[in-house]
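Order as written gives the chain letters A, B and C; numbering starts at 1 within each chain.
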Amino acid sequence: MKSFFRMTYPYILWIAVFIVAPMVMILLYALTRTGNSTLTFQFTLENFARFFSDATFMRVLLTSLRIALLTTVFCLLIGYPAAFFISRLSERRQTMMVLLLTLPMWINMLLKTYAWRGILLNFDLASEFKVFIGMVYDFLPYMIIQIHTSIAKMDGNLLTAAYDLGANKWKTFLKVILPLSVPGIISGITLVFLPAVSSFVIPKLLGGGDYVLIGNLIEIYFLTAGDWNFGSAISLIMALIIIASMWLTRKLDRNAQEE
Amino acid sequence: MKKLLSVLLVLCLLAPAAVLADDVLNVYNWGEYIDKQVLTNFQKEYGVKVNYSLFSSNEEMYTKLLSNASYDVIIPSDYMIERLIKENKLQPLDKGIVTDLDSLVDGVKNLPYDPDNTYSVPYLWQSVGILYDSTKIDPAVVEEKGWDIFLDSEYSGHAYMYDSERDAFMVAFKALGYSANTENADEIEAAYNWLREMDKAIHPSYVTDEVIDAMINGEKWLALVYSGDAAYIISENEDMAYCAPKQGTNVAVDAMVIPANASNPELANKFIAYILQPENSAMISEEVGYASPNADVLAELSGPGGAYEGNSAYVPRTGYEKDELFHDNETLKKQLSELWIKVKLHE
Amino acid sequence: MERKKSRWSFLSNGYLVLVLLFIYLPIFYVVLFSFNESKSLTNFTGFSLRWYENMFNDETMLQSIYTTVLTAVIATVVSTVVGTVAAIGLSKAKPLVRNLILEVNNLPVMNPDIVTAIGLMLLFISTKVQLSLTTLILAHISFCIPYVILTVMPKLRQLDDNVAEAALDLGATPVQALVKVILPQIYPAIFSGALIAFSMSFDDFVISFFTAGVGINNISMYVYSMKRYNPSVNALSTLIVVVVTLILIAANVIPRIKDKKTKKEED
């Protein structure tokens, strides 16, 4: 079996070049002083200080978190009942529904977002609301499918047992189905919240120039302002926030599973 | 399975090789900035293939250049050319091939960023100005106020502001009587406050090229636009009119250059010479709406029977001492970028 | 009970229909307006095929479709092979090493697109590697492999080690054990992984934007770079909808036909 481990060597090399090295580059740029395309090795923490000391950037961070939270909550509110209703359908119909939900996921996100831009031109809505619709639209299928997978995996016998023991439908739902679907809820939340926080295409296309989220900030600093050091610092901060949240959710998930 | 894989890989590697077989020219230009027919004609006449790529900002183009990407012809704006020349990223044009510079309008050649046109030849040019619905706003008011019209809360909710920090700050600088290239901290602060006032007064929608279709549809009454886009909009919506304000504005030139690392400089020069030919310049200018640098073409298109006859936006203003070109200034750009974010976020 | 049931299914089905309508709204919109006579995005003025004509005449658009498909196919093939091989190797590794590698593997998945994109761009620029189609494909491979590994690993964990051990004991070479024993068991996971990799690559915008070279555009990049929104994009979107629908139908019908055939053979 040891020989099998050798199969991993090429991939380890790949990771070193294409995953680790880029992160190291971002780290280097974030920790050094402005030199744009040339890395000047003057180490400093000023890029981070600049980010946290400026009220504007804090506001951008909060807006990103806020809209990501709203999107996630709504995807959950709309998605959970949908996933549950689908799980009550016949096997054939369930497959149909999952198929219907998966189809739009294959169409380029950019194309779908432009379509929404066209549709929303007919209405006079606040930018944040338009971005919210775009985000919920993009992430809803993921939430539904994650929850549905975990409900569908549930052992039917558990439900029968619950009914036999005298529980009515509501109680069964609350005490059996809901708790067992928690892993699905958690992975759904992960698949929605994190990409939503770092999203930059949807806010840019649907929100107009004055709707700036963290992802947009990074793009502005890299492409327009040419301040790669600051842009890298923001990237790093965002990556750390996300990695920390993922680690947290995985811990919660493990605890939930142990229970 | 393995055999299939290797065949597939070989086929894929051959694909780009097939492209290299023909002589290839890599052109990098703004989006919707050419008449495709011109490209087709060029390819046919010279028996070559043109790989045509698009960028939407000078900065984006510059970033791609940094990665050593090899283009043959690029069409950046004046201040970016200034920067590229400074950084030795361009090669001189072959004046044996690119000969016809006399037919160019005076306002576009021998400009400070490339005094002898050693490296660049103008492609299209423009000014920045006010586009307004003449049925909703009295032209006399626009002429009188100039840039200050953007401070008038009467137009609240009815205005578009172009999302470009350099152009927005230019408007503020000019309105306050400063140079658009100023590095004076007080002037920059004053301009920042002017823009904040503008944001609070008219609550504009910050857009980029969506402004074109929106103004054609008459969605709002007022917009900050480039003259070429204005010319196009006016040609599709007669109610619209253009004004280059009395306080002065930015006049800009987009020009063709050849990067130092171009793989096919000879063909690049031929392409540039081809574009300069009056028929081709006319086709491009008519299609896109921006002004041709060729004096005859300019006169023809704006004159009787021309596509842009009577169009107030087509021919950019020249010889007005308050109009300015942008200079390359990285520090200024970084500063303005950050301040602009704050303006947009209604700080 | 009958009434309750039918009221229940009325409500639940109704809800699902509403959700589906929401999800398909932009798709209907795009398909409808791809046949619009005028350029308008808000008024449907008449039926016309001009945008389809436009699309087929637009060389850059066709080129972008070619680039997208080529990149997705190569990235999927390479990442599925490398990912599966790596996953198999990892499943036999010591837990400490395995977890470390898996954590690093997860970085592109957890990291926001834009951070991964910028990291790769910085890498290519500082090593003076010229951006090209190759860098684009390499970038796609590097974000696809983690998804393959994530899909295949769980299935590998479920495998009964004893079967592979038995094969080795019975004289099979490690390669044979791999190909004849392990692979067939995890085949569905490999297939899922490949599908996910393909859809991630096909859909990608941000990473492609920062790592593609001269004249290289994928569909998303091309649409993003258009100055004035060109309704040919609706035609393009409709085309993609049709192709995806056909593929998904085929993917579901073919296994069923195969099942029927094997059932017949069994009978």
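To be clear about the criterion, contacts are C-beta pairs under 8 Å (C-beta built on N, C-alpha and C of every residue); 3 or more make two chains touch, one makes a residue touch a chain.
Keep in mind that this is a model prediction, so the values were computed, not measured.
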Take each protein chain as a node, join two nodes whenever their chains touch, and name the resulting shape: line, ring, star, complete or other.
complete
Name whichever of A-C and A-B has more C-beta pairs touching across its two chains.
A-C
Need the CA-centroid distance for the pair chain A / chain B, whole Å please.
37
Taking each chain's centre as the mean of its CA atoms, chain A sits from chain C at a distance in Å of 17
Touching two or more other chains, which residues of chain B qualify?
63, 66
Mind pulling the residue numbers of chain A that touch at least two other chains?
37, 222
Where in chain C do residues touch two or more of the other chains?
41, 125, 229
Show which residues of chain A lie in contact with chain C when the two form their complex.
1-12, 14-15, 17-23, 25-26, 29, 37, 39, 78, 81-82, 85-86, 88, 95, 97, 99-112, 114-119, 121-122, 137, 140-141, 144, 194-195, 197-198, 200-201, 215, 218-219, 222, 228, 231-232, 235-236, 238-239, 242-243, 246
Mind listing the chain C positions that touch chain A in their complex?
12-13, 15-16, 19-20, 22-27, 29-30, 33, 41-42, 82-83, 85-86, 88-93, 101, 104-108, 110-116, 118-120, 122-123, 125-126, 138-139, 142, 145, 165, 174, 178, 199, 202-203, 205-206, 219-220, 223-224, 229, 233-234, 236-237, 240-241, 244-245, 248, 252
State the interface residues of chain C toward chain B in the complex, per the touch definition above.
39, 41, 59-60, 70, 73-74, 77, 81, 121, 124-125, 128-133, 213-217, 222, 225-229
Chain B to chain C touching residues, read off their complex
5, 8-9, 12, 15-16, 26, 28, 30-33, 51-56, 63-64, 66-71, 209-210, 212-213
Give every residue of chain B touching chain A within the complex, in rising order.
57, 59-60, 62-63, 66, 161, 163, 165, 205-208, 330, 333-334, 337-338, 341-342, 344-347
